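What follows is a single structure, written as structure tokens, with notes after it.
To keep things simple, chains are lettered A, B, C, D and E as they appear, and every chain counts its residues starting from 1.
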Amino acid sequence: MEKTIYQGKFTWLDVTQPHKIQLLDIASKFNLHAYTVQDCLEPDHLPKFEIDGLARFIIVRIYNPKDLETPHSVQDLTSKIALFYTDNYLITIHRLPQPYFEEIEKKYLAPGHTMTPCDVATHIIWHAVNSYLEPAQYLDDEVDKIESAIFARHSRGKFEEKLYHLRRMISVNKKLLILTESVIDEVYRDTKSNPFIQDLKDLNLKLHSNYEHIHEDVSNLLNIYISISAHKTNEVMKVLTIFSVFFMPLTFIVGIYGMNFKYMPELQLKWGYPASLLLMLVIIVVIYTWFKRKKWL
Amino acid sequence: MEKTIYQGKFTWLDVTQPHKIQLLDIASKFNLHAYTVQDCLEPDHLPKFEIDGLARFIIVRIYNPKDLETPHSVQDLTSKIALFYTDNYLITIHRLPQPYFEEIEKKYLAPGHTMTPCDVATHIIWHAVNSYLEPAQYLDDEVDKIESAIFARHSRGKFEEKLYHLRRMISVNKKLLILTESVIDEVYRDTKSNPFIQDLKDLNLKLHSNYEHIHEDVSNLLNIYISISAHKTNEVMKVLTIFSVFFMPLTFIVGIYGMNFKYMPELQLKWGYPASLLLMLVIIVVIYTWFKRKKWL
Amino acid sequence: MEKTIYQGKFTWLDVTQPHKIQLLDIASKFNLHAYTVQDCLEPDHLPKFEIDGLARFIIVRIYNPKDLETPHSVQDLTSKIALFYTDNYLITIHRLPQPYFEEIEKKYLAPGHTMTPCDVATHIIWHAVNSYLEPAQYLDDEVDKIESAIFARHSRGKFEEKLYHLRRMISVNKKLLILTESVIDEVYRDTKSNPFIQDLKDLNLKLHSNYEHIHEDVSNLLNIYISISAHKTNEVMKVLTIFSVFFMPLTFIVGIYGMNFKYMPELQLKWGYPASLLLMLVIIVVIYTWFKRKKWL
Amino acid sequence: MEKTIYQGKFTWLDVTQPHKIQLLDIASKFNLHAYTVQDCLEPDHLPKFEIDGLARFIIVRIYNPKDLETPHSVQDLTSKIALFYTDNYLITIHRLPQPYFEEIEKKYLAPGHTMTPCDVATHIIWHAVNSYLEPAQYLDDEVDKIESAIFARHSRGKFEEKLYHLRRMISVNKKLLILTESVIDEVYRDTKSNPFIQDLKDLNLKLHSNYEHIHEDVSNLLNIYISISAHKTNEVMKVLTIFSVFFMPLTFIVGIYGMNFKYMPELQLKWGYPASLLLMLVIIVVIYTWFKRKKWL
Amino acid sequence: MEKTIYQGKFTWLDVTQPHKIQLLDIASKFNLHAYTVQDCLEPDHLPKFEIDGLARFIIVRIYNPKDLETPHSVQDLTSKIALFYTDNYLITIHRLPQPYFEEIEKKYLAPGHTMTPCDVATHIIWHAVNSYLEPAQYLDDEVDKIESAIFARHSRGKFEEKLYHLRRMISVNKKLLILTESVIDEVYRDTKSNPFIQDLKDLNLKLHSNYEHIHEDVSNLLNIYISISAHKTNEVMKVLTIFSVFFMPLTFIVGIYGMNFKYMPELQLKWGYPASLLLMLVIIVVIYTWFKRKKWL
């Protein structure tokens, strides 16, 4: 579906859900290469910047998760927006509707504006990059929740799976921000210096940095959890061993005197029972001293 | 076996299963160095780009696994295709048949075409790079299966070995894509700007990125599994310890009163048995309280 | 709140808690771009250097932790200071008061001084970078305490959580020092060579290096702890197993002779009891020899 | 011991087991700096390329393990070959005999040859680099054996030590290949383009890549082994815990009824014994259900 | 304390334990900036190279551990030497005495020498870098000892703490060698080509490489140790579980027949006892077969 969003100092043509024929038509009309234009048909194409004759061709991806339980690929999490521009026109091509294009038109292309197609393109890229802000905060909060659960120390949860899926989302978004950083750099070099591109660079850097932090937190959380598990296992084992080391000899002693041999002299002694209890006490003291020296108690 | 696939604006000579003498003959006929040509005899030669006088020499590897249980080397998984080209000729040298060469000839070299030998070479490289797409999806699916098994939590499987062999396949393919990226860059710099080479760069980048993701998933899966194991061991240990800590004292008490000493006053008491049961109940309560305070129950 | 800290060879205007209107006013008065100036409104903006016409625009962050239990973000730990300067003026913009600005004015801008606005800016950056020195020492001491606790070997502490929060503080500060390093480099390139900027570079490098060290110590401490836990668990397990392997057969033997079968010939023998004790001794010796050969004892 | 291997278009002087005086003599005779020449006396000198006036000075190391149990240093595993060359001479200096020098002379310096001293030097470097091929295959096979043992799952071996020593050998060789890559690059830049140097670059790259793979395999093998151990420990623990959780209550019950209290009414009942067996069966069923719900059975 | 070590073709002034006033005096006398000179007062200043007008300013650190149990910082392990030089003078500034300065003077500055102040500075840097050789060998030997202890397999030692402190020493020295490499590179670029600077580069590279190796060994040793612990724990657990799984049912059986119920028909049978022993034998056989199938025996 084609629509002319703006017609004035330049033309802004917007294409939604393009067919191959439509694209080839645009290619020939605007003097673009077929290969370049056909990138718009690849749903999982990564961000790029390309010069095609006089035109500039950009692909960015906007955060837009599909309704899946565990989205994990570039396609699951983001949608592609392709932009072609020269001094005279801007063509935007995308599969899903992008209502904020209208807002950009209203805000920046009022009569008397001084925007160029490149400026509008930069605002679209800004909007795409900014879409990663909210998921960053969501992911950071989710990681914080898992942190708290881990440190609550009687956690029963099955958070490893959650962490695994969070990490994949973080990883995909981070990689797309890295690729978009290159695209923004190429726009910066290609165009006359422009404070809004600087602002876009700053935004991308901040978000990339956020995702680095969350990614680092996730890695470290897993290591901390392994350390906490090892620590807890050690404590549990110590309790088991201390109890066993005390009670096994005692249970053996009482087992000896529970045997049914006809001739077991000790059993006849009046002081037999107290003596066996004393023996058991001595054993307890010896073992306790041994543990104390081992610093286990 | 030599065959002229195309003769027209330039010559395309295709050589299958070359002998050393054949190669030296080609070297002298087309004015190439012996050393360069002899690379075609090394079955495990890595992708490269070389300038030999007026000619360009390229080696790429196409995904082509041998029928092994656990293929893990460059030779196990891929086959070499060597290409020489100038403005006048293209020579392709390979061990295994490459039927798609005929398809390329049909599709691109129809009368009136404007292709150069370099263009045809680029299409061959594209086909070689694209051969890594399907194994990427296969490897990603295999990793997904192991993921699901791990998170199903009653997994009995022996997946470590599977993961190990998957990782090696991923590693080899990833490395070849990295080397091929350098080759494509050198072709890009060497030739007049070319939208199809840009498309080839994008394809290589996407596949390299895919393999990075799967590689990362595999590393993380192993760490997650170690974490899950540590977690489960901790839970199992706790159950064992809790049971033992309860039952060892109780078993000791019943063992005391199972002794056969002649003089054990408690045994005569009418309330002896209920008293011992009460003592055991007290022990149970004390231990339960202790566990509650340790947050183990 | 605006205040002219210095008026003489140049003007130094200081703005605390700026409003958007105030900033736009400054922008138009000093011929700066709106986007550049509006960076001053982003509380979590990262350090940067930007050229805006004749002016230089710098953002640095000074260490200034908010009163939180576990501060972990750039905003939790630092405050932003924005600087604009040309040859004629210096504008400083910040949210929190910076009393040392007055000290800088007293110390360096006495009558007859030869300072430029850039020089003053450099001193402000020096002060911001130097604010990371004390937390580095604090973090290093905290890590040292955890080290000692870990190596004291009967540690019961819950230091994993502490380590986790320390690591995040270290990570944020380290990243800010890395970004500030780029800013200092850009000032260095932009300005005539200047021994104080070299001194600032050295300070930043030293602090960055400190944080690298502490970060490395934290990572390694966790690995060491996992190793110590594994080591201790192994020791505890060995004690449990050695005791169990000795006592289980013995307890079984005494259990046999505690059975109540009417016809158990051994029980009648006068030497039955001593013989069973001898049997148990033999078992002890056999097991001891087996452990000795396994090098467990 | 000095020997002129070749005298013709240039001179090839070969020096075995050089003394300091000999080297200083060569230095003065061929107008080389004392420091450069004295590198030949350092047994553990790393590969380098240096320009000394008109001469080129190269050190490479050839694989040559000393007869040690666990060789692990550069000196344990390799021998140094130093080369000086100009257009007029080649001097080779080494400690151990290098018989293939004669082969190179026979093969390449027959009457009518067009080799330069640099060409001969390149062949010597090729031979040194190629010496790492066989150990790569050996190391790869050794790692494969350890792999198989690990996956055979009833491994009793002490392979950690073996892996540790293999890793060190891999690490040293890999590092030397990385340094040799720089040397080859410098020769490439220094000399007129040369297909044999390209061939040498390819060989070095392939071997470096081999060692990277084996190094990666070793790291991963250790992680896999830790994962398998954790997995097996978890299985073993489960068996122990399941048995214990079943038998401890049952043993306690039979212990109760083994007590010798005079007044234990249950013992008199005709149905006492079957009832106790039934109680034990109920306990078994309850515990089994509990395990089933925990997915442990 | 100031001292003129050499006066001839140039002046070599040596300053020990400088005061601030002394340094400012030197700064003004030799036309150096106050900031540059004041670096000499920072005890933990990292290696650097700086150009100050016509002068060159270098800081290197010589290995010189303070008498601490666990030295771990740059200051604990090294001492600073500052050097200023032009064509006319060399000034060395340091806190601790450096007796080898006299040796350098004797060896290189005899009448008729051709040394420049830069040459002398290079020799001083060589001496500082060479001071890291002996600790490298010491650290390598210490790591070897811990290796042997770990592989001796009945190690009881507490080597984790030792490894931790070794790693920190390695890390500090390695970092200083990396920084010194940059300094040497800057001297190399700044001065006319010089075989002794090349020799210094080689020495620094070799030592840096040594420390990389030892650092890598330490990391790997810890991983190997965790693997060995996991392996040993698994073996110990298996022994415990195998014994328990055999003896718990048997102990239960003998417990049943130890019960005191009045009506237990089996107890009266003449073959009761042998039958129970047979039952126990059957149980042993069944369990043994089960373990054999699990490959635990």
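Please note the rule applied: contacts are C-beta pairs under 8 Å (C-beta built on N, C-alpha and C of every residue); 3 or more make two chains touch, one makes a residue touch a chain.
These figures come from a predicted structure and were not determined experimentally.
J.: Measure off the straight-line distance from the CA centroid of subunit B to the CA centroid of subunit C, and report it in whole Å.
T.: So the centre of subunit B lies 35 Å away from the centre of subunit C.
J.: Take the average of all CA coordinates in subunit B, do the same for subunit D, and state the distance between these two points in whole angstrom.
T.: Roughly 22 Å, centre to centre.
J.: Of all residues in subunit B, which are in touch with two or more distinct other chains?
T.: 153, 226, 230, 233, 237, 240, 244, 251, 255, 258-260, 264
J.: Testing understanding: with touching defined as stated, what is the shape of the graph linking the protein chains, line, ring, star, complete or other?
T.: Contact pattern: a closed ring, each chain touching exactly two others.
J.: So that subunit B leads and subunit D is second, what is the order of every chain round the ring?
T.: Cyclic order starting at subunit B, direction subunit D: B, D, E, C, A.
J.: For the complex, which residues does subunit E have touching subunit D?
T.: Residue list for subunit E touching subunit D: 147, 151, 153, 195-196, 198-199, 202, 205-206, 209, 212-213, 216-217, 220-221, 223-224, 226-228, 230-231, 233-234, 237-238, 240-241, 244-245, 248-249, 251-252, 255-256, 258-264, 295-296.
J.: Can you list the residues on subunit B that touch subunit D in the complex?
T.: Contact set of subunit B toward subunit D: 33-36, 39, 44-46, 48, 50, 52, 153-154, 158, 160-161, 163-164, 167-168, 171-172, 175, 222, 225-226, 229-230, 232-233, 236-237, 239-240, 243-244, 247, 250-251, 254-255, 257-260, 264, 266-270, 272-273, 276.
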